[in-house]
């Protein structure tokens, strides 16, 4: 038993973090949201160069990377391209996959090669009408199954859910970092907002939730068990949403604007809460598996 | 103790219900703070005014119909139940008007209120400043006396409606030597006046629901001072009480929301979400009954005090919980923001602002603890 | 529409409060718990003299009185004697009634005339083994139906639930009053505990919950509707439990002892949470009634 | 990164499991702080000690078996899963022993630890004082130097186990001129010594789980000072870290509780309570995994810091939520406190103390915010 990241895994996280820290992710996301994919694709190209596209066989490394991708609120069909498409035997650069009913729409189907899982079949997708997500950087499209390209596996959906759990932890962490920094600087009533006990306690609760959700995500990556994946997702999504609410609350009105980077992470958490399965569905999957003890 | 509506109130309710059934647009209007939606909302307000429904509790002479608070509540119930458009005139009718009734001159009421009732003027609030979010007393924008009036300079922010509105009201420091709550004056001013620059701010939903207002020696005549110069804090606090209390959030919003939530649940009756649906419905009932209690007390000469804070804590948390539950029931479609599914996403985004604006809920809890429970004041 | 207590109703509350304030309720409860009913019966006798036993036909007055009885954590089969027994046509002084399945045991059957509702029948109860409630002042007994004495009505159960809602509001209010007083006097880290924002916010949340539960109880008394009664009970029990938790938390260790009066109220709330129907049952009753719109 | 137990650990687990299966009393013992239950719990501890299971991580020479932290965790999992008795020796083994290993002399360890392992001495903690609840530095009880030792006087309160225990440990002010954290000394003392009066305090459940200790010139030899005189705060804080952190609450309690909760739910699978059952189970898993991570870090030379506070916040809230859910599932029987239904009520009462003792959760949140998140210190 050794339940800790290796030095190499920590370095992988650090290198992704360093790369993303050098980019203006808010600008990237705003342009992506407006349909201008160039800066985003450029960033994904740089991520590919440090190997993030080649981790599909390494679930622990995947969750390490997805925590960083979440932390920086990177837009794009990342789960689909880095984890789901490879699990479905789809090769190539940027791909997007709808997996109804849990993932009914294809993310960024205007920039990535679109697929849809139709029962047992993996098909090219015929792209239909665009839909508006509450996260403007999530460009969703209706899809219909087209040409058959292969046979689907259940693992594809599960690895997507696993990566999303890690992404949510990262989003929560990014929100917590921003909030902690903001309340340390922002003054009201003659002192830093972060001196107020109510503010401290909001953020401490977020930290606790994130710290105890992360081991579930790591364990799910180790075991690959569907119950563990759903448990991780339940805890991660709740922790991320708690982070989003707390971050908004301690920011006050400025957090309620699109001008503030915090809000982009908040909207992404809001969107991801119901993508890749609802919390109710995941909880049901956990408890159902416990019936059969 | 009874909950029965008298015949006059029932008659009024039927009139409102019939009017709304005939007039509420079948498709929702575009957001009221969008370029497209704003004029449509103004037009809607004018229709309301023609039916004397835009400000029912006001005296007849200003465009109202002298309705009782109970009738107002019934109006609001019907309004929300009918899914009628958001009230683009709300800042004026709910906030400024109360202040005018309490502190305005006859001339000011005659001049301002009828235009407000008809939506000839749509009002923005201008409370906050960059360094004065929840701490309203930290106002730095200043008013300098000049011939026949004042010159306003400084910056306001989070001014709701200001992106498209005609006029605004807020506090300015008229005595540069005074600190905090002293030396403030309450002004009404024209957003189209020389020296005013408005910079819309995109909210979470992408719509510029509020704006920054930059003022550079903006002339305001003496007639547009509300209350006495230097008395602004006291004048404003009556409005703030209203904003946080009774008049801003009527039970109708929550009653209608809870009914819609129950319907949504019926369409997919997942027992795992049932208790949250039930609690939202119970919460809406509680809010309505609490409001009826308040109305009864006011009718007997009571006043509103710190219970405005109690009130705000309850409805703001109820609103978030109710919309959280709805989005969870919508499943994968819960993230959609377009016309499909109708309204829940925008309602949720709006609800998220509740615990922040008009005094954050953290501040409200302090107020409740100190002023209602008598706990010792502490500066943290 | 006039949704406010009348002057007479307020005076009734004040007179009950005054009477109870003059008694040492903690001592009364401790002796009651030990099977020494004398001081308790004496107190109930004095309550009877100011008319609380004659309110069965007046639900608003009943809830007004039961809020005060809860506020002072008065022990004894009060709901049973003042509200339930009269609704079942049982006359006499002190009575206790089991109404399985929601009220499976008879409270204080060693001191009150015991009855049990068996389907449609009201029967004298044969008293069996005593059971230990978490509230030591609630002395519970197993019962079996004995001699038939009359026909039962559903209203008896509902009026019991209504009175319990009011009692819970009162218990919550008593706990909040004690907690507010304690934190104003108790000093830690060189200042009154009540200056700390976390303490303020705990107690503010309790006040809000109680303030919004009370109108539901009053409305349920006015309408007598089963849905309204269950809605009131759900909100009242949640608010009372929030009050109990917050009061314990701000008292710290001293609240965790039987020596402190606060703990007697806490244990009563804890016991009442599941007496007279579970929260789940009441919530289900509310939502079921909303189905039939 | 792996979660596999090696062969040695599995072998140890089987030994523990077999021993417990054979020895755990079929009927629960009476409460350990009752007159009847205390000697039975001491006897149980002696049986554990004979099997070298009373303090598995200790060195062999003191009665342990040099078990790794992972083996300790496995032991605890098995212990709780078997429903074995509460550990009446826990104050000594979990709190005092860590301090002795860090600060004690060889003579102290030789004298104290084997007797502790065999439950010849059962230890009470004596941290709090009437005016120093969560504020441990406000200690007023004093130690006065005398020939060959010290005289202790003052009052301690909320001393767990003190109603029946043999000895106690705590801080006394040895330098009357020093303030707060300075001038404190860590003492072990005999609860049967002249000048000691113990007044048991009934907890919520009616059992005297803690007591007040009155000390009136109680002589304590120099040998019973732990660490240097005046260094008591630093010495105590290592123990406090343990109390709040790793060693006090093993995942076993929550894992076993969650499994029992799932079983309880199966007996009456109400979908409206299903999500809370699920969350308790997930929380217990999370706590176990977090602990495995901590063990892994410690095995590689890491240390425990403010995460003890993170830890305490999580388990104390999980414990309350888990038992709340169980009582709700029990319906009308949820209020019963006797042997039927087994254990849930006493478990709930015990859980309610979690957010209070060993530093209230409010204080823990301050610690987390300031020491982990780097928020500015404020004195509120």
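Should a chain be cited, it is by its letter among A, B, C and D, assigned in written order, with residues numbered from 1 in that chain.
Everything that follows uses one rule, which is that a residue touches a chain if its C-beta (ideal position, glycine included) is under 8 Å from a C-beta of that chain, and two chains touch if they have at least 3 such contacts.
What you see is a predicted model; the values in this text were computed from it and never measured.
**Student:** A-C versus C-D: which has more C-beta pairs touching?
**Tutor:** If we tally the contacting C-beta pairs, C-D comes out ahead.
**Student:** Can you work out the whole-Å distance between the CA centroids of chain B and chain D?
**Tutor:** Distance between chain centres, rounded to whole Å: 53 Å.
**Student:** Please compute the C-alpha centroid of chain C, do the same for chain D, then give the distance between them in whole Å.
**Tutor:** The computed centroid separation for chain C versus chain D comes out at 36 Å.
**Student:** Between chain A and chain C, what's the gap in Å when you average each chain's C-alpha atoms?
**Tutor:** About 48 Å separates the centre of chain A from that of chain C.
**Student:** With chain centres taken as the means of their Cα atoms, state the distance from chain A to chain D in Å.
**Tutor:** For chain A versus chain D, the centre distance works out to 39 Å.
**Student:** What parts of chain B, by residue number, touch at least two of the other chains?
**Tutor:** 272, 274-275, 362, 365, 378-380
**Student:** Specify, in ascending order, the residues of chain A that touch 2 or more different other chains.
**Tutor:** 191, 195-199, 201, 280, 283-284
**Student:** How would one label the connectivity among the chains shown: line, ring, star, complete, or other?
**Tutor:** Chain contacts: complete, every pair touches.
**Student:** Of all residues in chain A, which touch chain B in the complex?
**Tutor:** The contact residues of chain A facing chain B are 101-105, 131-136, 138, 140, 187-189, 191, 195-199, 245, 248-249, 252-259, 263, 266-267, 270-275, 278-280, 283-284.
**Student:** Taking the complex as given, what residues does chain A use to touch chain D?
**Tutor:** 1-6, 9, 60, 176, 180, 183-184, 191-192, 194-197, 199-201, 203-205, 207-208, 211-213, 215-216, 218-219, 221-223, 231, 234-235, 280, 283-284, 286-287, 290-291, 293
**Student:** For the complex, which residues does chain C have touching chain A?
**Tutor:** 196-198, 201
**Student:** Please name which positions on chain D make contact with chain B in the complex.
**Tutor:** 271-272, 274-275, 378-380
**Student:** Looking at the complex, which residues from chain B come into contact with chain A?
**Tutor:** 128, 131, 133-135, 138, 157-158, 201-204, 206, 210, 270, 272-273, 327-328, 330-338, 345, 348-349, 352-353, 355-357, 360-362, 365, 379-380
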